[in-house]
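The two complexes that follow have subunit A in common; it is paired with subunit B in the first and with subunit C in the second.
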Partner chain A sequence: MTMDLAASQTAFADALLHADRPVPDGITTARGEADAARFAVYRNNVFVGLTKALAQRFPVTERLVGTQFFVAMARAYAQDHKPASPLIIEYGGDFPDFIASFQPASKLAYLPDVARIEAAWMRAYHAADATPLDLAVLAAVAPERLADLRLVAHPSTGLIRSGYPVGSIWSAHQLETVTPITDWRPQDVLVVRPEMTVNIHILPSQDAVFAACLFDGATLGAAAEAALTEAPAFDFGAALMGLVSLGAFRALQPDEGNVP
Partner chain B sequence: MNRSTLTLTLAGSLATALASVAFAAPLPAEKMVGNEKCYGIALKGQNDCAAGAGTTCAGTSTMDYQGNSWKAVPAGTCTSMNVDGHKGMLEPMKG
Partner chain C sequence: MTASKTQAYALPARAGLGLKPEHYETVLANRPDVGFFEVHAENYMGAGGPPHRYLEAITELYPLSLHGVGLSIGAAHELDKAHLKRLRGLIDRYRPQSFSEHLAWSTHDTGFLNDLLPLPYTPETLARVIDHVDETQQALGRRLLLENPSTYVLFADSTIDEVDFLATIAERTGCGLLLDVNNVMVSAVNHRLDAATYIDRFPVELVGEIHLAGYDETVDDAGDRLLIDAHGTAVKSDVVALYQHTLARSGPLPTLIEWDNDVPDFATLQAEAARADAMLAAEALRRNGQRIRAA
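Presenting the complex of A and B:
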């Protein structure tokens, strides 16, 4: 039987990622017959490469569950997730979603969100460089135009809204010795790289809805009203100035007729 | 909130916040750093040496992970995280 190139490549890739599959058709050695042991070496190298890529991107996640569990979880992910990009730095972008559905990790409810911080960290690190929106530009906006204004998020910006103290958990794992989290409450984490360093911040809880709305493209007015509905203590000016100061935005939305 | 009330509220709130920062031209870098301390909680990360997989040419290991005989028990630092006074793992997993 002959297969076309695409079909044979697919069959080869499937056999690579599933240890229970036989050596694909058409694989031969100098002696003629396929050598399952040699194919297993190749298969192993692929898995080691992919699981190591995940370990490098998710070091806190790995520490939380231990190397053995992490490798097993990463391997389960790799079986069904071929790299979608030739850039291995992008591999594992949806690993946090996989963790959320990975039954053996289900007792660690905070684990997917910790992994989301790590995924966002890597995205921010490799995001396009951009000068953040200057506070002076914001200050120059005519007051009557504020409510209809939209902001463009900085290319590196990521927001993780969690029901767990994932910022504190991530932070605790930046040290050699991990200390327990004493203040166990929900946290909203902003990941941003305004200059050359990726910054991780825990946002004031009353500002998270506002930030999320703005990153989704809402106007300042709509975002402020959504935030006030959820948290009456929300302070629009402090929140906006705070987020702009952290470098979360790149510019005013130009299609609204704003002059940057 | 009606339209004009919203506009007034937003403008007033922003003016108040901005008034707390004296600036003329673009904020200098050290000013940005100062503001970070004032807003939210900045978490200190490790150096940016971990640029990600593929940015170094680490070779593959000879370890063989092909056996699936692992036990599904998270055994890292999760056991030292507090959950409402309990350990991060509410109960040990059975493999």
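Presenting the complex of A and C:
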């Protein structure tokens, strides 16, 4: 029996997601005939709801391309990307990847990375709360043990390594009047919410290498080595203290945390 | 009355408002006289962050109605166990005075469709929904209120009247009902039914909460009036009148003002709530007056 309901919902969903399909059989009105305008209300609700959710999550992206372009891009995404669950707060996690492959937006090479900041912002906003690692805890570690130490990333952290000044672009578009970016160079952006406010930080590139390695689970020693390879001027102490004070870590790796 | 029933009816018979992030600070700073707040459960299913911080603070001060929009109770396929678990987590954490969901489906093989979609009313769908309501109440350890939908189309296959369909679900599962008076108006106009008759036939003794909202209006391909459940304006005057008609039958009930799109400033929402509060108070007074005269 449920086969019938399943089949009818499949037909309904198919027609809903494809504007060129006719109103499914058995869908009628008080007049006793199908009415495309009425069925279109559902179709419209689905797509307007999803594009609105994307506009809320990606406001700078929308500002950069204009509402009309954004809505078209969002609809193209929504056509093939339905939310995996009823958690609309998670919808659009891979919208930046879609933008990167969206031909009409290809001239704005920095657009996917700006969207990645916005995707990371929302992830950070809803991430688990955690007290960031206290600098004093790190300071209490014996110096000879530091190189073998691993740190646990704060649940809210996101790192966007870009070939464009996406941190500056994002920041400029938080204000009503956008000032042009004068210093056009690659930027690495750390997104983190140590307390209740999501923060966006532009990191020196060697610090970003260091952070990326640590977030991947590398030891402080291995991460420092990678950063030094990128920039001989890398300052281990300053970089570590900097990241810790931004709240990028939650704790020392448990198996090493109890060592005085 | 069983314990679970008491819990389901524990919202005050006052006007409540949907809690919007843009009003978190205003609510905490001014502590406005609002009967209760309602939130969409799915907006609080993140692990942490400001939504939970604010909801914790606000539920210290106000009763809470938890309103689900994603369980897809009317779906042919099985309920999403992970989603039920998330709902249970929220209920255990916030102990809302009411939990409600919709007579609709929203999830299919392609994913979450992000709309409350209609279902035909047949013995088959009735059995399916009853199973899903039973399963939900079991998983959540409490009674739910099931909301009547607003619809834009009809199903040729439907053989059961919507009010009978809802009443039977309630009778068979022990669930309560959420009566959305705006949805009644929207569906009545869209399907050439009489809204007051719908209310007169509705089992109001099972209603734990009323919803009011604003609709949009357009026409269909034949030029017939087509009302859209838009939640983006004040409650329309014909819905206010239908609410009055409802209260005369049901007596005062917790009443939510739903305004989810183009959300206005808090004062505008409060004015909407004040109008409903005045009508609730007038109905309570009228009933007391009758009792005094009868004595």
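In the analysis below, the second predicted complex is superposed on the first by the 231 of 260 C-alpha atoms of A that agree within 3 Å, B and C clash if a C-alpha of one lies under 4 Å from a C-alpha of the other, contacts with A are read in each partner's own complex, and residues count from 1 in each chain.
Simple rule for what comes next: a residue touches a chain if its C-beta (ideal position, glycine included) is under 8 Å from a C-beta of that chain, and two chains touch if they have at least 3 such contacts.
Keep in mind that this is a model prediction, so the values were computed, not measured.
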Touching partner for A:S85 - first (subunit B), second (subunit C), both, neither: second
Partner chain(s) touched by A:G66 [first = subunit B, second = subunit C, both, neither]: first
Partner chain in contact with A:L135 - subunit B first, subunit C second, else both or neither: first
Subunit A residues touched - subunit C or subunit B, whichever exceeds: B
First (subunit B), second (subunit C), both or neither touched by A:A248: neither
Touched partner set for A:V192, first subunit B, second subunit C, both or neither: neither
Touching partner for A:D35 - first (subunit B), second (subunit C), both, neither: second
Partner chain(s) touched by A:N45 [first = subunit B, second = subunit C, both, neither]: both
Contacts of A:H126 with subunit B and subunit C, given as first, second, both or neither: both
Touching partner for A:L146 - first (subunit B), second (subunit C), both, neither: first
Overlapping contact positions on subunit A, where the subunit C interface meets the subunit B interface: 45, 49, 53, 87-89, 125-126, 196
Interface residues, subunit C side, partner subunit A - complex: 42-43, 45-53, 69-72, 75-77, 80, 82-83, 105-115, 117, 119-120, 124-125, 127-128, 152-157, 190-193, 218-222, 224, 226, 228
Complex contact set, residues of subunit B against subunit A: 1, 3, 6-18, 21, 23-27, 29, 32, 35-36, 38-46, 48, 50-55, 58, 60-61, 63-66, 68, 70-78, 80-84, 88-91, 93
Contacting residues of subunit A [partner subunit B, same complex]: 19, 40, 43-45, 47-49, 51-54, 56-57, 59, 62-72, 75, 87-89, 91, 104-105, 107-108, 110-111, 121-122, 125-126, 134-136, 138-139, 143-144, 146-147, 167, 169-171, 173-174, 178-182, 184, 190, 194-204, 207, 220-221, 224-225, 228, 235-238, 240-243, 245-247
Residues of subunit A that touch subunit C when the two form their complex: 1-2, 4-6, 8-10, 12-13, 16-17, 23, 26-31, 35-39, 41-42, 45-46, 49-50, 53, 82-89, 124-130, 155, 193, 196
